[in-house]
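One chain, chain A, appears in both complexes that follow, with chain B as partner in the first and chain C in the second.
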Partner chain A sequence: MSELNTQRGGFASLRTRFPKYGQGLDGPLLIWILLFPSLLLLCGIIFYPVINTVLLSFQSLNLSEPSANKWVGLDNYGRVLTNEVYGFWPAVWFSILFSATSTLIAFVIGFAMALVLNQKLRFQLVWRGLALTPWVIPYVVVAYLFFYMFNSQYGIINSILTGINIFGWRPFPEPLGWFGGNGNLAVFATIFAAIWNKFPFFSLMLLAGLQTVPQELLDAATVDGAGVWGRFRHITVPTLRNIIMITTTLQIIWSLNEFAIIWAMTNGGPGTATNNMVVHIYRTGFIEQRLSTAATMSTIWLLMLLAFTYFYIRIMEGKSEV
Partner chain B sequence: MSENQANQSGQPGDSLVRPGVEREKRAEPDVPQEFEFTPRKAFRWKRVVVYLLLFGLLIYAFFPTFWLLSTSFKPQLEAFQNPPTWWPRNPTTYSYGILPQDQQGFVTYFKNSLIIGVCTTLLTLLAATPGGYVLSRFRFRGARALILVILATQMFPYVTILISLYTLFRQLNLLNSYPALILSFTTFSLPFSIWMMKGFCDTVPTDMEDAGRVDGLSRLGVLRVIVIPLIGPGITAVGFFAFINAWNELLYALTLTSSPDMRTVPAGFVLTYIGEFQDRWPDMMAASVIVSLPIVVFFTVFQRQLVSGLTAGAVKG
Partner chain C sequence: MTMDGKGEGEKAFLEGKLSRRALLKRAAYLGVATSLGSSLLAACGDNTATPAASGATGTQASGSAGGTKSLKFANWASAETATKDNINKALAVFEKDNNVKIENIGIPFDQVLQQLTTMTNGGNPPDVMQLSGNWPYALGGAGALADLGSLVTDDWRKDAFTNSFEVGTYKGTLYAVPFTVTPHGFWYSKDLLTQAGLDPAKPPKTIDELNQAMSAMRSKLPADAYPIGIDISKTEYALVGFWPWIWTFGGNPMADDGKGNVTINWADDGTVAAFTWLQGLVKNKLTPPDQAIKAERELMANGKIAFKLDGPYLTGIFANTNPNLKTVEAVNSKFGVSTTPTGQGVSKPVTAADIHNLGISAQAKDKALAWKLIQFLTTSKEVITTFLIPQGGMLPRLSYNTTGDYAKPYADPINQAFIKDVIPSMRPPAYGPRYSTAASFIVSALQEIAGGADVKQRLTRLNDEVKTVYLG
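Moving on to the complex of A and B:
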């Protein structure tokens, strides 16, 4: 221990003899050269467009008649936030429902999978490979695959459901019309597909985390009489606290901006049942061509996400300070 | 000298220690029995539960993929049977065979996706590798502000960026072009990639770099000779992240292209298979298998580096 410390001290003193900032290419110039590509891209294709979008939200641009564009102040905001015709709030609620439910369930399944895969098993690598593939299957493929499986006439899911027969009790005597009706089933189907696609992300990250849980601590707890649940609750979960916070937060934010799975499965339908914010903005701006209305919605959505981001940053910073 | 003294002083106490040792020895047969018996019983029981759970979870994880593969080998009509057949009754590779003929534009889409994916990955790496490294190693004025801004950027909804990118690229006459797609695909990989790279560099000890400096290398020399090889796994992980994002991206691809020649795979799927080829499930599934293969193979080969790169910051923090 003490040896390690003196070694570190030694390097620290070397560092003062060779200071970080030299001249020219050894100093600040190098920093800025290395940062230049990132800064250029961040400014050019992220900040500039975002500012432009905010400006668009104060105009009345409609792609079908771009010449009639004029400044309208806060008009768009008033209308979007208060007028039901714009369907802003239902889209917000569906986004939150979709993101929260799919993240929570994917987390539980992913964690269970990670715990099981962390055991010493035969053919461990094979199981891992099989279990984690859903994560790398492209979203559009996931969407169409589930769209096919949920098909009301020849889908495998209806076939399994109508086949359930427990001593004469058949919970689903009729095939379900997943993508019709009032849309509740479509909501379920999209969330179901998203969960399947996302749980391996949690498995992968938590599995890596589980391998850092100190085995001596688990053994000591066993000797002290802790059961499986006790060890899980008092040792495993606290060790993984950071990684749990980070993965769930990331996944919540990614899911709040989900587009591909929902659009490819339902186009936001039936009606507007599976319209999340991104699908809604895409429909408004690029299908109905009311670009300024879409810009307004996306500016409000940006502000909402930034509020959420505030907590996210605090979590991430907390991590890097440890 | 001091050791001898300790031994000498310890000698008189030897007889006092002995009874304790003997007690331990006597207790030995009991203790292991108790300890061996309980864990072994729990062990077997646990094993059964673990394998049952694994079995259930694997069915859940793998069934849709199985269905994808199974359907891709079915003849057209069999895909519409109710009840569906689990294994193709008359397996055929017809759906794979027609892919190279490019009837549905599959080859074009695949080529576009590949070009755009590789370019996006390179562009992201070119920016994120030095950027993340600098943010991890140097403390300079504005570094913290820049890190916060990058973290916040990562939360920007892509659709907010898209609306202006669309008008911008339209003004520049860049709609339906590779540069437009590559630049826009980079927007959502870049912030997280910089962050990942920074996290990875944070876990690489600076000792080697310091040693390199002592040996007279310039900062640039240190970067080339020492840093790049050390952060290899981080580069792999970031590259994979950027590529999978580009391969998956649908929203930008739908909006920024209108001609079929420029469509990427996801956009091509949405606009072709559901429109004109709505009822050709086996063809669609065969194309899906081919589209998924590059990423699955890449993922399997580089899994170790990927995980270490992805989790470097998160796990070790």
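Moving on to the complex of A and C:
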């Protein structure tokens, strides 16, 4: 693009450097023709659904009575944001809790795993391959795996817990109802499944980053008297800062939009205990058939995610500059 | 474009710098690119169709192709491994006899309403649909289903189970006819009754007797066995199993006057009593705290649940789950079926009218042919012997179950209990276009109360939620 920002103007400068530029199909027309299919695909796949969703949020479309659809202005926004019945804020809070907790713990485990895998180990490739296994298993399979493991009647987790016997003391004499009760255990179970599924992503990315940390810097720090913690804190982490920023941003956003694990394990229950925003939107739109309400929630959620991403990246960029 | 309005190519051509062949080549490239763009733009366009326009679309999809007519049949039978081959075999006979091509659309049970709604609103609905529970009301109320009133003969109406046509009727219009009748009866395990020192020939007939039996069982059965199974999943189907208990305790939280007007009171005394009873069951470990109906069926098949409300098809499910229950005789020797125990709210036993039915799309072009398929599905030997009887539900005509060639599989005590006692106790819930939305809130409340939430407080909140659904 810098070629285009010359005093003579974009295409004129290109013509100077490349005499045949601009002649026939080698000029701007070619650029637009080549871009056209991609732009149209973008229009069809991204912009049209987003615009249609926003338009739907100003209507009252309920699939049980589609003929009664009409424009309602900002009514849906007012209801969703202020009326408890719509369950918007509890879903937002659970989304944040789920995303922050699962990302933070997955990051810590993933980083630790990356540090271990970065050492010279026998069968290094095998260990690295095994460490990635949870990440390559499809989300739905992971969800059903944990659904059965946590099942109160025949799950292996309860078998292990009820089998614990420390000199006659049995901390779990009876099986736990993981997907019942007040929902706290279900929250734990879904976050646990998400962590198991996500930590290899951090391992993979941070392991790649660790291999770019200059050895001479680490050696110099060692000579200067820095210990393991000092080298990690003052050399390894700053070097990986950009990777950490990108991976955590991506994972937070992916986790905020988690669907498969929660839907397959709990349907958002018990009650609304594990109802995150995406499950709530899906349930509202497709189970309850209130499409416009779901579109309103989607639009607000989109804006919230955009705002979060903007500020998060600004904050991380600021730290990076410091 | 240059300032004088001529394109670079055109200018070059006029100045003799571009050959005619090169100009035509460029024009061809541009044409291809433009037409591709137009196609993609069309794909980006609004596909919402008015009912009339949708009808035209439907005409093309389900019309005749090369002299052979075609019909689209949406059902979950084709999406389930156990029934897929049988329904396909039966439909092949219809295709051959009528020179019709059936486009068989298999949809998983829990996605049927969503898919049918989407297809209908997209202007491409199936001609014939297999339906269940509230779906005829949801789709009929939205104008998606045809009125079948004039097509059903009096003979069939007279030869039908109690309320089996009523659960396909909304505001006086018949939108769906019975396909297979499958209400929940009160299943009991004879082995577990015996193990608890109770008479296996005398299942509880009242709520008091049931509570006493469950207390006796809790003290004598192992910890991993439960006296009763209640579906506490976050699904609309969980309500089919809980409505009978709500009514039995005297609750009537949602009542439809037959004209679409619904009276709502989720905090009435009977409903509070029913939910309090549920909470007590979980608290006292009389029912598993978090299981859905499928898991509870497995538990019951393996001797871990003593009582349960479920449909007549449970015999087949037991046979597939436990090798010791492979035959109808084996199931009858270990289990029995009775009506829901009675409580202070009812003078007679009651169960939810849960049936599978068939409807025709309002947009179907050839409704006569669609009706012919429904007649085939409900009366033909092929469907009855290869699909309906193996599936385990009651046949859509009462007499088929009691006399004639098809009656033999229904002669065992469990099926006889369904025919004589359970089906006559069927009562439709307050089904309607907004029922499914309300059900989503109700099952959330059911889960929270089972998990220990304050019953009265939570039901009062549920009342507000359901009123919002119906009244806006």
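Here is the rule we use: the second predicted complex is superposed on the first by the 274 of 322 C-alpha atoms of A that agree within 3 Å, B and C clash if a C-alpha of one lies under 4 Å from a C-alpha of the other, contacts with A are read in each partner's own complex, and residues count from 1 in each chain.
Following the convention adopted for this analysis, contacts are C-beta pairs under 8 Å (C-beta built on N, C-alpha and C of every residue); 3 or more make two chains touch, one makes a residue touch a chain.
Treat the numbers as computed from the prediction; the structure is a model and nothing was measured.
Once chain A of one complex is fitted onto chain A of the other, the partner contacts of A:Phe286 extend to both chain B and chain C.
In the superposed model, A:Gly268 makes contact with chain C only, not with chain B. Of the two partners, chain B and chain C, it is B that touches more residues of chain A.
Within the superposed three-chain model, A:Gln153 lies in touch with chain B and with chain C [touch as defined at top].
When the two complexes are overlaid on their common chain A, residue A:Ser64 makes contact with chain C while staying clear of chain B.
In the superposed model, A:Cys43 lies in contact with chain C only, and not with chain B. Judged by the touch definition given at the top, the superposed model places A:Ile109 against chain B, while chain C stays out of reach.
Look at A:Leu56: by the touch rule set out above, it reaches chain B but stays clear of chain C. In the superposition on chain A, contact of A:Gln215 is made with neither chain B nor chain C. By the touch criterion defined above, A:Met205 reaches chain B but does not reach chain C. Residues 22, 25, 27, 33, 37, 40-41, 48, 52, 153, 286 of chain A contact both chain B in one complex and chain C in the other. Interface of chain A with chain C (complex): residues 22-25, 27, 29, 33, 36-37, 40-41, 43-44, 48, 52, 62-67, 83, 85, 151-153, 174-175, 177-183, 266-272, 283, 286-290. Only residues 8-9, 12, 18, 22, 26, 29-30, 33, 36-37, 40-41, 43-44, 46, 114, 117-118, 121, 138, 141-143, 223-224, 232-236, 282, 285, 288-291, 295, 299, 304, 433-434, 436-437, 440, 444-445, 447-448, 450-453, 464-465, 468 of chain C touch chain A when the two sit together in their complex. The part of chain B that touches chain A in the complex is made up of residues 39, 46, 50-51, 53-54, 57-58, 60-62, 64-65, 67-68, 71, 79-84, 123, 126-128, 130-131, 133-134, 138-140, 146, 148-168, 183-184, 186-187, 190-191, 194, 199, 202, 206-207, 210, 213-214, 218-220, 244, 247-251, 254-255, 265-266, 269-270, 273-274, 281, 284-285, 288, 291-292, 295-296, 298-300, 303, 307-308, 310-311, 313-317. Considering their complex, residues 11, 14-15, 18, 20, 22, 25-28, 30-31, 33-35, 37-42, 45-53, 56, 109, 112-113, 116-117, 119, 121, 127-142, 144-146, 148-149, 153-156, 159, 163, 196, 199-200, 204-205, 207-209, 212, 222, 228, 242-243, 246-247, 253, 256-257, 259-260, 263-264, 277-278, 281-282, 285-286, 291, 294-295, 298-299, 301-302, 305-306, 308-309, 312-313, 316, 319-320, 322 of chain A touch chain B.
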